[in-house]
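This report concerns only the one structure given below.
First chain written, first letter: the chains are A, B, C and D, and each begins at residue 1.
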Amino acid sequence: MGSLQLKSVRKSFGTVDVIKGIDLDVKDGEFVIFVGPSGCGKSTLLRIIAGLEDATSGSITIDGAEVVTVPPAKRGIAMVFQSYALYPHLTVKDNMGLGLKQAGTPKAEIEQRVDKASAMLSLEKYLARRPAELSGGQRQRVAIGRAIVREPKLFLFDEPLSNLDAALRVNTRLEIARLHRELKATMIYVTHDQVEAMTLADKIVVLDAGVIQQVGSPMELYNRPANLFVAGFIGSPGMNFVEASRLGIADAKTIGVRPEHLTLSRDSGDWQGKVVHVEHLGADTIVYLESEKVGLLTVRLFGEHHYAVDDVVFATPTAGQTHRFDAEGRAIR
Amino acid sequence: MTRNAIKGLLLASSILGTAGFAQAQDVTLTVESWRNDDLAIWQEKIIPAFEAKNPGIKVVFAPTAPTEYNAALNAKLDAGSAGDLITCRPFDASLELFNKGHLASLNDLPGMENFSDVAKSAWTTDDGATAFCVPMASVIHGFIYNKDAFDQLGITVPATEAEFFAALDKIKAEGSFIPMAMGTKDLWEAATMGYQNIGPTYWKGEEGRKALIKGEQKLTDEGWVEPYRVLAKWKDYLGDGFEAQTYPDSQNLFTLGRAAIYPAGSWEIGLFNTQAQFKMGAFPPPVKNAGDSCYISDHNDIGVGLNAKGANQEAAKKFLTFVASPEFADIYANSLPGFFSLNSTAVKMADPLAQEFVSWREKCKPTIRSTYQILSRGTPNLENETWTESANVINGTDTPEVAGEKLQKGLDSWYKPAK
Amino acid sequence: MSKARASLTRTSLVHLALISYAVISIFPVFLTLINSMKDRNAIFRNPMQIPTPKTFDLVGYYTVLGQGDFATYFQNSFIVTVVSIALVLLFGAMAAFALSEYRFRGNTLMGLYLAIGIMIPIRLGTVAILQGMVATGLVNTLTALVLVYTAQGIPLAVFILSEFMRTVSDDLKNAGRIDGLSEYSIFFRLVLPLVRPAMATVAVFTMIPIWNDLWFPLILAPSEATKTVTLGSQIFIGQFVTNWNAVLAALSLAILPVLILYFIFSRQLIRGITSGAVK
Amino acid sequence: MSDTPSTHDTTGPIKRPTRWHIGVFLLPAFIVYSAVMILPLIETLRLSLFNTVDGQSTFVGLGNFQVLFGDERWADDFWNALKNNVIFFIIHMLVQNPIGVALAAMLSLPKLRFAAAYRTAIFLPTLLSFVIVGFIWKLILSPIWGVSPYLMDLVGLKSFFSPWLGKPNSALIAVSLISVWQYVGIPMMLIYAALLNIPEEVIEAAECDGVTGWSQFWKIKLPLILPAIGIISILTFVGNFNAFDLVYTVQGALAGPDGATDILGTLLYRTFFGFQLQLGDRSMGATIATVMFLIILAGVSLYLFVIQRRIRRYQF
């Protein structure tokens, strides 16, 4: 249980439209991630789903029931905030139990659900503490626990990892993935970090300027980006774009090649260039070169390679791995 | 809604206004007054005397500090929350209250026949037809001196201006006493204890005062400027820092025995009797030349009137009749020596100092303060201006002539004497 | 802090300066207190001396306590101050919450409207206020004073509290909404506990003018049963203006309760004020 | 929580239940404030357009204002009061606020001992009523009681003592300084708060850059607390132009000597409520009140729309 449909959802503040008509279908048990640059409207959309913001128009149904005018607490959702938003004056246990208490759940059941959630998150030792006495990672786990206890139809995550350091972020990512598998719950997750999106999602929704650019599984977005925006946003380092006219191609405006789909040779190839910078990452080597014909190119090579700045090299795109875009930026398939 | 909620809350905490105290048959009268000094005398003597004879009527004396009295009273009268009985300032302030309908006419009040027209003059309409307050007391100006100090220095009581200044010179030269206790900080001290005290001698009492009202004299005339010239000379005989000396400072200076002469109003007697540890005497304002007729300021100061919108008119009238009785006059004048009864029935006073003051009525011509009747009805207010200018003259910031000009200019700006 | 940062001379100078100013601040109060406990001659001859067994005299306190019903005055002042502060805090916080939390038509206008009160002294409205109180039969009740002080305190309370409420995390309030708290519960159970220090600040700033007010007790509730301490001591100053024993005793009696209340609140005040009042 | 749903959508606007709670939150404050404060004040300000003509209250338009500024006596009093009020304000700005800043700067030094005791002592006068402050200072400055001459004698300055409150050219300064004494606690507290809000890292960065002591205060802390100083200035302005009680208790309603300490508040009080033989003139009083309101409004607007926008705010 836990499906979500959005139909032409709009949101404007005064004369500014921040959400310009969103249609989306989320199936039960799916892990959906909203991704996009800051200001794209992804957080607003999440808050509209939660009921914290009112949609200006449109329809939202959860499990087939229209919820546009239903207050957040009655939508069967739970939310995890970026800033944790724990009640500073309540203990961990009370923080987790407040929502149930408010809904009139019997005490014993609250107890039992809190125990279960805290076991799942290894929080048993901290139940009596207040948020100020916890570390950042522990607070985030309490916030997640608070959501689990509610047994919602829909989990909403608003950039839950961005206040954590890098190592903790990876751990918590794994934990969320594990929770998703164990709970088999529907999760909607907002992030600006495409790595998080790629690693966690069943389905990614790429948003820009209040409009959905593309919806699809991580690999669909990677292999078949619908437009220049998605192509540039997904993948790291980002896709190389070359003006088609420079290559003498007439039926497209722009040609895109991912850095990992270029090969380098010191002797011969399609595009000659000069190395301007090299990044050695161990597993990968990233080479930046300046080509007279096509401009700045990023090339990603597997393993260690010994190129030096000012070396003259040739890059060649792998056949069948180039993307073509028309004048409006749409992918040509 | 909210109000009721709060009201309920407060009622619940059993905090009720006086309304809650009024018993079913008892009537409670409230007396508005600025005489907070007299609180004890009212509570201990006057009110018990009245209540003993009028069972069922309770009286509450509710004084306000003198400086806030007018403002507070006016606000309460306008809103209808003032007490049943209103203590009346003399002349225009009360006349205004009568004209606005706040004070009731008392022509028919039993007991009013106990007062002469002069006594009633401060609380009668300009045409003399209606009286609206029962006169309670007048006060007389003069000088109180430290008898021990005079004896010690061999000074006799001065009768003329020259003797007065000679005495001051002598005290000053000797050095153990401040010659005169007066300050200018509170302004009114300079005007009331200074100008209005010695002034009548120069403007010839009522003669000058009436001429001023008729427009026949001006404040720039010699009779009105000369008292300022005399006042300007006082400066040298006042204590160090008299510019910042307040009225209570002056009282303390004198009663602690540090000053020899105190320019006084008779109302000081009661307080001085309790505080001074030495013998005191009094003398009237010195005349210019020996043999001149003397003048004193015998000023109708306090009356009491009936709040026309009060709830307990009948009981209040009973109280006013009591105030008009010789019995009240006796209690009041003897409890508050220096407040002289205006009742036609002579009151026998026990206090020697008070007797001394009142004895001047026989040899000197009495007058009231020059600024009180008619002349302080407009803006700028002549009384207030006189306070400021009297202080200025003594401080030396204005010459006597300039002071007279300023006052006359202010008066001219609104006052047109009836021709 | 490293040793390099704190030189002994500098610290001493700072202490010297602070001690000097603190002395200037308390000296007049100290002077009043010591002289209120001396006999009349000692007050005049040696105003600077603390009471010695020879000069010690509580006659002023006897006079004051014997003359007026100071216990009732205290009770009145206390009730008026406490109830007014409670209402100012409650109503002010509620309005501040509405203004800082919700976007609605007329929000700014309402904010400005509530701010006008900071600019005009309420005393100017005396006559109309008094008429209103007469009409509702509230003259000579403490309710009248409570109403006036509540109205007078609301503008500043809204001003300060709404600043504070903006600093309460939106996520937190939203978490509450998701947990099913009503807007009222969010206000009372989440926001109010979090702005407690600010409430203490407002309480102190509201308390001072209420406790010390002379004007409205004089006009609205001058009866013996409703007199406040400040009005009572003002009447004493008038009545015993030359009896300095009594005056100084009355002043001391009026100072003490303010000090006590201040000490109760001061911890919260500092916390409130240091957690971003004027950031 | 938007204003109103906009209507340019195909599916049409969404109808939502009225948010009653906003009203419930605002209502108590609104009712009490409007009924007890605003309506009476409007009633008063309205009076400024009326005056008594032949015993009847008559609408006179701006006639009262013409009298206030046109009639020599009224105008003299008004300009005198305004001038004194400006001086009163300037003294507060030049003495009270710098002292407040200095005290706060010292109090906020890290690890200062007895800071709480100092704070309490310095804030104490702010808690006292005008009745008390006025009376105490009159006594202290009284040449009769001798406390001031005695104290000045201790530091060898006795010859400089003078009855300040009684002299026209020193009375206003003396009263202003009493007021400063009473209120210095407020700027001190607010600046203290602002200083404590500066993050330790910024100060440590300054230490590393060799900006220490005085120059640290001038170059780092002061710019960061400017917004707080701005708020204090405007609070001082509003407070000073509404001031009345202190002058009234120390110098009386006539604000002597010779009107030297008369400020707008005392002029208003005398005019509106009357004093001694002077009868209260509600209309002219309301006229002065209206002018005062406009002056304060102008000052506040100037602050809000000109000064506040130029002060840079920093986020920590």
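Brief remarks on what is shown
Quick note on the criterion: contacts are C-beta pairs under 8 Å (C-beta built on N, C-alpha and C of every residue); 3 or more make two chains touch, one makes a residue touch a chain.
Because the structure is a prediction, the values reported are computed rather than measured.
The minimum number of touch steps separating chain B from chain C is 1.
Between the chain pairs A-C and C-D, more C-beta pairs are in contact across C-D.
Comparing mean CA positions across the assembly, the chain most remote from chain A is B.
For this pair, chain A with chain D, the centres built from the Cα atoms lie 54 Å apart. Chain C and chain D have CA centres that are 16 Å apart. In terms of their C-alpha centroids, the spacing between chain B and chain D amounts to 37 Å. Within chain D, the positions touching two or more other chains are listed as 1-3, 28, 32, 35, 145. Across the assembly, chain C contributes 44, 87, 126-127, 147, 150, 214, 234, 237 as residues in contact with two or more other chains. In chain B, the residues that touch at least two other chains are 3, 75, 252.
Residue ranges on chain D touching chain C, taken from their complex, read 1-4, 19, 21-22, 24-26, 28-30, 32-33, 35-41, 43-44, 99, 102-103, 106-107, 109-114, 116-133, 135-137, 139-140, 145-147, 150, 181, 189-190, 192-194, 196-197, 207, 212-213, 227-228, 231, 238, 242, 244-245, 265, 268, 272, 282, 286, 289, 292-293, 296-297, 300. Those residues of chain C whose C-beta lies close enough to touch chain D in the complex are 1, 5-6, 10-11, 14-15, 17-19, 21-22, 24-26, 28-29, 31-32, 44, 47-48, 87, 90-92, 94-95, 97-99, 102-105, 110, 113-114, 116-129, 132, 147-148, 150-152, 154-155, 158, 182-184, 187, 208, 211-214, 230, 233-234, 237, 247, 251, 254-255, 258-259, 262-263, 266, 269-270, 273-279.
For chain C in complex with chain B, the touching residues are 44, 67, 76, 79, 83, 87, 126-127, 130-131, 133-134, 136-143, 146-147, 150, 214, 218-219, 221-226, 234-235, 237-239, 241-242, 244. Looking at the complex, you find that chain A touches chain C at residues 47, 50-52, 71-74, 77-79, 81-89, 98-99, 102-103, 146, 150, 158. For chain B in complex with chain D, the touching residues are 1-3, 67, 70-71, 74-75, 89, 91-93, 96, 183-188, 239-246, 249, 252-253, 371-372, 376-377, 379-384, 387-388, 391-392, 395, 397-398, 410, 413.
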